[in-house]
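In structure tokens below, several structures.
One chain, chain A, links the two complexes that follow: it is found with chain B in the first and with chain C in the second.
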Partner chain A sequence: MSERPPGADAREERGPVLRKGVGIPASGWIDPRGRALGGFAFSANRVTGLGLVFYLYLHLGVLSLLLGGERSWNDFIRLATSWAFLSLDVLLILGILYHGLNGIRVALVGSGIVADRQRALWWSLGAVGTIALIAATLHIIGSR
Partner chain B sequence: MATIETRPEGSRKARARSAAAGRSWIATTLTGVALLILLGVHMVANHFVVESVGGLRSYRQVLDYIRHPVILATESVFLLVVTVHAMLGVRGVMLDLDPSPRARRWIDAGLIAFGVLTLAYGYFLIGTLASRA
Partner chain C sequence: MTEAIPAEAGPERSRTFRVYRYTRGEPGWRFDLFDVPITSRTTVLGALRWIQLHRDRTLSIRHSCLHASCGTCGIQVNGREVLACVTDVDDLGATITVEPLANIPVLTDLVVDMREFVARFPDEIPSVRAAEQLPRAVPPDGIDEYERFEDCIECGLCLSACPVSATSDGYVGPAALAAAQRLLEEPRGVDRDRILDWADDPLGAWRCHAVFECTAACPSNVRPAERIMALRGTLAGRGGAS
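== the complex of A and B ==
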């Protein structure tokens, strides 16, 4: 009689696949709690990406005001230079910087160029992003 | 000792899906790299070197900007690249939900249609503004 390995019976049962082992479930990125830095970075990349897709269509909508001529665009400029709107611009820059810089990290790690330096890359690109965000914020505040 | 097959040899469909995932990753990465340059140019040109309140171009400045052939071409390529990158990103998020092959085909078709509509509207917008310049 051949010995059956542990879990063989469970594998034959019908029902949902229970994931187990290294890594996170593919759909589990939405909740990064208790995960390592890579899990948090991946989750934040997804969230900022979806936010930027939303902004892409918002931006197209705003640019449609140009079709209405000079008056309609100038009305928008008055709204866009309010403090509330400029604060959202800072949030947008944060999203762009995070998604872009983390994208560089993912491309470098995923392509094997610096496969074993992802943590160092995250922190160093994070420093670059923080400096760029501060500079952009000062520019946005100064432009008002 | 008995063994259990935990990672069976991939079927032709599974291999094709894996190759498609690889192509999708490469396309996302390439468009992402292109976006770093194009978005940088777009942001600086539109919001950081403009002498205007709030870093926004006035109506007349927008028309003057889009009139330049190099800018027109750059913004057109930017629209294409950002749309492809966005659709690939949304596809990645949706495929994380592990849809059935049939749902996957619907997702692909829907995102292609949505991307084409986005491009059509974006180019209409760019074309209309360029024609007014």
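== the complex of A and C ==
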């Protein structure tokens, strides 16, 4: 395949035109209007992916509290076992479950193994994720 | 409307159309509002033609067959890719937003430049159906180079709906990859390995994120996403991405 984007020659020949449609940010990153299940799944995957990257750095920041000694760590543990913080844990598990299970769906569909079952996979893995989330939530509530 | 309204079409009502306007060479774009009388049979294309005839002759739209065969009237209505000629206005709400297709350069108003869409296809993809040639016709030399894959009406709706195309100009997009898979299914003398080499690229079949918006948008049941997945399966079977 050519290294230049398709249509690049024609684009240079005719000069500048409006590149994207409207309603789409210049980056084209997301346009949720009117989308189908696959589009929703894709958008949610991007959002949860960003959330997990944010959590990774947050986690590293939390671990760095250990450098402050026992007191700073114990202060954090008191915060981490509050109901407000534990509810964020449930949100985190939701993000992990969605991103992971949707990743399995995309891998199965994208490798051509079940190319035409993307909707069924989304709902079935969604059921698995919901059960896992409920179990995790009950565990968190019970452990406090 | 200028035409007589059949009695069974019901009483005439009106809808507000919010129409995207852009003139090439001028800075920026805008939305113009038009109140359009409709019946239960009015299509989006019918409403746009009414605007052209009665409100603003400078509005640029593109259409041809009026029955979903030519693929020239593809636009976005309320953010969703449709063929304007077969999209009823009645269920679209009081205010209807009409925009050009995304991910293809806009020339003027609702007209996009399809040259870039066509340029995405591999060289081996023809663009005229062999079935359209009369048996006694004497086709010009080199017509084979333009023979098109079946089903797809090359409307560009799939490319507009694809969120990957929105972030990657280099991605060849669903229509071209579906066409490649079509050729693998029925090679018509095309070199199979060349098609696979073309698709076996980070900006080819492997760039697809399996969003399936192309399949949801396709008015011709080509099911581009499923064809891309099948293409990937074939590529994986022969040894993966290069």
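Going forward, the second predicted complex is superposed on the first by the 115 of 144 C-alpha atoms of A that agree within 3 Å, B and C clash if a C-alpha of one lies under 4 Å from a C-alpha of the other, contacts with A are read in each partner's own complex, and residues count from 1 in each chain.
Here, contacts are C-beta pairs under 8 Å (C-beta built on N, C-alpha and C of every residue); 3 or more make two chains touch, one makes a residue touch a chain.
From a predicted model like this one, the values you see are computed outputs, not experimental measurements.
Within the superposed three-chain model, A:33 lies in touch with chain C and out of touch with chain B [touch as defined at top]. In the superposition on chain A, A:42 contacts chain C only, with no contact to chain B. Of the two partner chains, chain B and chain C are each touched by A:111.
Taken together, the two complexes place residues 5, 7, 11, 27, 29, 106, 110-111 of chain A in contact with chain B and also with chain C. The touching residues of chain C, when paired with chain A in their complex, are 20, 22, 24, 29, 76, 78-80, 97, 99-103, 105-107, 113, 115-117, 119-120, 160-161, 163, 165-167, 169-170, 172-173, 176, 198, 201, 203-204, 208-213, 215-216, 223, 225-226, 229-234, 236. Residue ranges on chain A touching chain B, taken from their complex, read 2-5, 7-8, 11, 26-27, 29, 46, 49-50, 52-53, 56-57, 60, 63-64, 66-67, 69-70, 73-74, 77, 80-81, 86, 96, 100, 103-104, 106-107, 110-111, 139-140, 143-144. Taken in their complex, chain A has these residues touching chain C: 1, 5-7, 9-11, 14, 17-24, 27-31, 33-39, 41-43, 106, 109-113, 115-116, 118. The touching residues of chain B, counted against chain A in their complex, run 1-4, 25, 29, 32-33, 35-36, 39, 43, 48, 52-56, 58-60, 62, 82-83, 86, 89-90, 93, 96-98, 118, 121-122, 125, 128-129.
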